[in-house]
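Just below sit the structures, each encoded as structure tokens.
Paired with subunit B in one complex and with subunit C in the other, subunit A is shared by the two complexes that follow.
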Partner chain A sequence: MSKFKKFFYSQKAAPYVFVLPFILSFLFFWIYPLCSTITMSFQDITPTGTEWVGLKNFSKLLKDTVFHTAILNSFEYMILTLVLLIPFPMLFAVLMDSRLVKAKGFWKACLYVPALTSVVISGTLFRLMFSEYSTGQMNVITAALGLGTFKWLKMKATGLTALLVVCCWRWTGVNMLYFISGLKAIDTSLYESAEIDGASAWQKFRYVTIPLLKPTTIYVLTISVYAGLSMFMESYMLWAGPDSPNNIGLTIVGYLYKRGITKNQLGYGSAVGIVLLVIALAINIVQLILNGTFKKEED
Partner chain B sequence: MKKKVLATLLSVAMVSTVLAGCGGSSDSASADSSAETTEADDAAAAEDAGDAAAEEGTEEGTDEAAAEEEIPTSTFGDPNGTHLEMWTFVELHGQHYGNMVEMWNEQNPDRTIEITCTTYPYADMHTKLLTSLTAGTGAPDICDVEIGQFPNVVAGESTWLVPMNEYAAPYLDTMVQARMDVYAGADGNYYGIPYHVGATVMYYNAAAMAEAMGISQEDVIAKIDAVVTWDDYAALGQEYLDAVATDGKYWTSVDTAGCDWQWIAMAEYGEDWTGGFGGTANVQLDSVKKMLTMEQEWVNSGLAEVSPDGHVDLEAGFQNILDHNIVSFPKAMWYMSRFTNYMPEESGNWYIAKCPVFEAGQKCSVGIGGTGTVVTQQSANQELAAEFLAWAKMSEEGEQLIWDNLGFDVCNTVLWNDDAFAHDDSNQYNQFFINYPYDVLYSIKDDIGTVYTTAISPTINEQMCNVTLNDILENGMDVDEALQAAQDVVDLEQ
Partner chain C sequence: MAGTSSVNEKAEGGMKAKRTVLTVLATGWFAILSAIIVFPLLAGLIASFRPGTELIRKGLSIDLDFSTMTLANYKYLFGGNADSQKYMMWYKNSLILTAVSVVLTLFICYIVAYGLTMYNYKLKNFLFFIVIATMMVPFEILILPLYKEMISLNLIDTMAGVVLPGVCGASTIFFFRQYMTGLPKELLDAGRIDGATEYGICFKIMMPITKPAFAAMSILCAMGAWNNVLWPMLVFRSAEKFTLPIGLNTLLTPYGNNYDVLIAGSMFGIIPVFIVFLCFQRYFIDGMTAGAVKG
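Let's turn to the complex of A and B:
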């Protein structure tokens, strides 16, 4: 009993006990799969046996033009989402925080609701809306505007537009909430003093809001980089599968799914996953260094 | 003391939440998969998934994977009999086994069967099957596998699947041999049992043509019957288009998300881009080039349009046919059920004829699509399952139900010429079309070519449907250039 008691009251042991559940699930659901993915990426896994093939999977990736298309697509998509999903949600958040907007709760809910709907359902609806047939919603709209009809999901530009529409529809509200919480943390006295100094609305935004929102912005940037690179569901639903005309909707994860799951080439699929991990880590580490996240607070 | 209780409570709460976390998810998962829903009226949706699948099936079907939440499960047969699990991606297929199991139990009262058929969406079912076969546990006794997915499953050969040679033997002499061969493994054993030949024929909207051209339906049919070569076909199309003279009307539509046209061309010249089992894949075949060049010319001249959404076996394709935007197209015989299911108002308008050829005397059809049903090694009753399966799909009783209910061109050639079977006017497909489908099938009996589905097939199909056909037909790329690019991708995989 006393041992037990001692253990529980020990200043040293208690923190470990408290983080244990997390550590266990982290080891079991993250570290173990990560390690086995790394091993699998050096193997050729067939129904009849597993074979070590060294770097063959990776050297094949270097020559695989479809994979290169997937990387390019993911990059394009990621960069465009950064361009769209940081400034606009920030703007909306500032508006929601200002006195200019009435019924804020309503607008916030409107922007946030898409994030709660299933991508599966919304993706299917968007696919029908972007149908190339003349009765698809988007074609009805563009035809009414005199722009003619488009084969939305067959062409690169329109296909990417469709993806971005889905993405913005879905994530604007979430990012806006992050920014709103960031804004709430800014001391109002700073604005007051800026006003006393004669700052205009723009100057207040530029010299008070943006710098003080930086931690939030970095957070949103970091998760958006990864979310952009690992996008899969949106494209999967929009094209009803991992295949799209000229591979315009193929993403890195889409390719991983196609190879690993539908073609049952788990070794090659793992190699794709490792490449994605390396890319995402590299971008984020560079980005975090540039933003000074690793520097000490005082610097 | 209080502190201690609190600490204990907290840790218990914490641990239990962790466990609940794990347990919760697995609970709900199992609840999902075993959800005993009745045969809901989403037959159409489930079927859709399967239909798509019956095609080359790389991309279609998955939409239902998403939209469909309910998993229709039905149990048939004798509750005291041996229990078999069966998975399919087309609800109607499951019902076929239901009917067959009742008949089996009457004939074999000492070896009765109870079968539970579960219909999953197309992509889900194949993923689930591959995963459970890889894992070595969880697979059903009997499972439908779509031909496009078959190479992935048959890769497991006798480690995963039960060889069907012995069980299929009694029926082999009347079966179309090529259809057995397409479901063979690299070791030469038969692993899948076919439903149908999938012979490709040409569908013509004779009623719409007669109306547009201002002649009687009989005259239109005479003109259609006179078509021998693709040149004749194009000429008849031009005649129709001149008569109809309306924007947005085309003679046919060419596919960017399906390789049917290329398959027909290959069969006509006796070529095969997979190179057969153990061969080397080559997509730069003369037959393929000829077909693609011809299709590209048609698109440029306005004779053909590119199928909306890529091929005719999709909602947009059905609408296009209903709107009479196209009045002819080649498709396998199983497409008949799309007419009865999705375009019932077209009843009595359509005429079935054999496909044109490049040079007179060539073969004029090819077996496209299909579903091979397998018995897994994980089955506890392999022998019974295999025997029942072979009987349910290959016996005359089985073939009769396949034709009546599923509308397939059965693999038993003896029946094709059987008057009671082929000319049964109570059959919905015989009622729907102007002529008897089996008459056409019988007339091309010796002209049905084979293109194999081998390990490289998914790669070829994917490259063609995603890139090559779009480049050629939508973007006007040079045929040779596009095929070279396709060959490069295919070469990477072999």
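Let's turn to the complex of A and C:
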């Protein structure tokens, strides 16, 4: 017993005791479910029993037009969020970081507020704002602009717009703060020497700010790609459930939820998850390669 | 824009006027942007003083007719009736769940990060690599197998089932590790010379000086736990265990007559996070942006 105690208190054992919770959590809540979902994707799981079906789930996915819609929706959404949520927050950050803006703290706080609200609350508010009645806020605005009123959540283009509005509303401020913290890390003497060389404001932005913000941009890009591809709750809240007319709001994770949870087809749902996993890892690898090449360039 | 002050002093009147115009434009731009961003919440707040049936019939819009505003929704929400009791229960569940998951998550992530930073041993880099690797798989992929696992472990519909899978948050470990690599390791040896055990050093010497990291992470974790929906929605089944977001979500039915509670309850549900944000704004931003600079 005392031997064990001595070992437990030794400098050799202590680090392993400290990391033990992580190892347990990793085994039980990461490796095990990951392996189990991979196994399930090759199985047909019904209340009566489990049957090994090989690649049947995947070949079914290849022909499943609803799944194609889900993939298309997720990609469209992800790419458009990248277009909207990287350049604009970056410009806002540069502007906010300049000496031109007064009462900075107040504006930053206002822009951050959406990130504090639960997706349930913001989703409910936007669902009501995108109401198809002419008195709904979005229709009031479009009518005032002379565009008429829309059945927002019943058509593909307007439904996607609604999702993007919610996304921009929630993340513009957060991404702006990321870029501001990135700007703070840039050495101000670089701007001074650029000024001595007679650089214009645009040149300073193009040749100093953008290259030196690259680590931040890559970070924001990575989390945006992941969040965009695995988006589900926003759509779930806007359409009050996983179903939307003609699947206009269906995403990959939405389809995983529908098959796996609503219809209790764990095998087929897992196959959807595996496709998402492969996509996510592929994007990650591409990004790591690009990152590595960039590093060589800098050296 | 940096380093212009000396230029500024020598500037002519024309430059100054131009600068003033630019200042007004830039500040005005953020005023407009902030107004747009705050608008939905403001509209929700105003709507919460009107009957919920109006929301179903008209959708959400800003209608500043004060004569039709009443406190009826809030009176109903706190009136002690069946709906009100349900709401209070969800609120209480959310508070408890948030407190439990923050304390557990911070404690565990702290010791794991400590083990990954303060010692040199064979598996250290490999373990840290695994921490990073777990971040590369979106959590949503794991919901089906985890759901099945929770059923077989009998953890479905329990708080443990909600909290445990998230207790070793890779990003929280990462943040603690980031902070701790900057701490002086000589303190460990000093502690050992004074006769403290390895665990005594971890909790009595190092933990107090890691306080700023705890502050930043506790706020972020609390916000995450308070607002978390997807996983708790799968694990909790009985209405008396629901957290606030899940409970509110059950009120969002197309033909529901619960919109009074839904909108007033939603607005009241933002308040705790809001108060914490106003008090500790700096820590929010520190904790959130910590990963971004280093990439």
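Going forward, the second predicted complex is superposed on the first by the 269 of 299 C-alpha atoms of A that agree within 3 Å, B and C clash if a C-alpha of one lies under 4 Å from a C-alpha of the other, contacts with A are read in each partner's own complex, and residues count from 1 in each chain.
As a working rule, a contact is a pair of C-beta atoms (placed from the backbone, for glycine too) under 8 Å apart; a residue touches a chain by one contact, two chains touch by 3 or more.
Everything numeric in this text was worked out from a predicted model, so none of it was measured.
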| item | value |
| --- | --- |
| Touching partner for A:Ala162 - first (subunit B), second (subunit C), both, neither | neither |
| If touched residues of subunit A are counted for subunit B and for subunit C, the larger one | C |
| First, second, both or neither for A:Met78, with subunit B first and subunit C second | neither |
| Partner chain(s) touched by A:Gln11 [first = subunit B, second = subunit C, both, neither] | second |
| Contacts of A:Pro33 with subunit B and subunit C, given as first, second, both or neither | second |
| Which superposed partner A:Ser25 touches (first subunit B, second subunit C, both, neither) | both |
| Which of subunit B and subunit C A:Ile261 touches, first, second, both or neither | both |
| Partner chain in contact with A:Thr124 - subunit B first, subunit C second, else both or neither | both |
| Which of subunit B and subunit C A:Ala240 touches, first, second, both or neither | both |
| First (subunit B), second (subunit C), both or neither touched by A:Asn284 | second |
| Doubly contacted subunit A residues - partners subunit C and subunit B | 17-18, 21, 25, 120-121, 124, 127, 131-133, 135, 237, 240, 261, 266 |
| In the complex, subunit A residues that touch subunit C | 9-12, 14-19, 21-23, 25-26, 28-30, 32-34, 36-37, 40, 92, 95-103, 105-114, 116-122, 124-133, 135-137, 139-140, 169, 172-174, 177-178, 180-182, 184-185, 188, 191-192, 195, 201, 215-216, 218-220, 226, 229-230, 232-233, 237, 240, 253, 256-257, 260-261, 266, 269-270, 273-274, 276-277, 280-281, 284 |
| Footprint of subunit A on subunit B - complex, ascending | 4, 7-8, 11, 14-15, 17-18, 21, 58-63, 66-67, 123, 126-127, 130, 133-134, 152, 155-157, 159-160, 256-257, 308-310, 316, 319-320, 458, 462, 465-467, 470-471, 474-475, 488-489, 492 |
| In the complex, subunit C residues that touch subunit A | 1-4, 19, 22-23, 25-27, 29-31, 33-34, 37-38, 40-41, 43-44, 47, 55, 57-62, 108, 111-112, 114-116, 118-119, 121, 124, 127, 130-131, 134, 136-149, 164-165, 167-168, 173, 197-199, 202, 223, 226-227, 229-230, 234, 244-246, 248-249, 252-254, 262-263, 266, 269-270, 273-274, 277-278, 281, 284-285, 288-289, 291-295 |
| Touch list for subunit A against partner subunit B, complex | 5, 8, 17-18, 21, 24-25, 46-48, 60, 63-66, 120-121, 123-124, 127, 131-133, 135, 151, 154, 236-237, 239-247, 261-264, 266 |
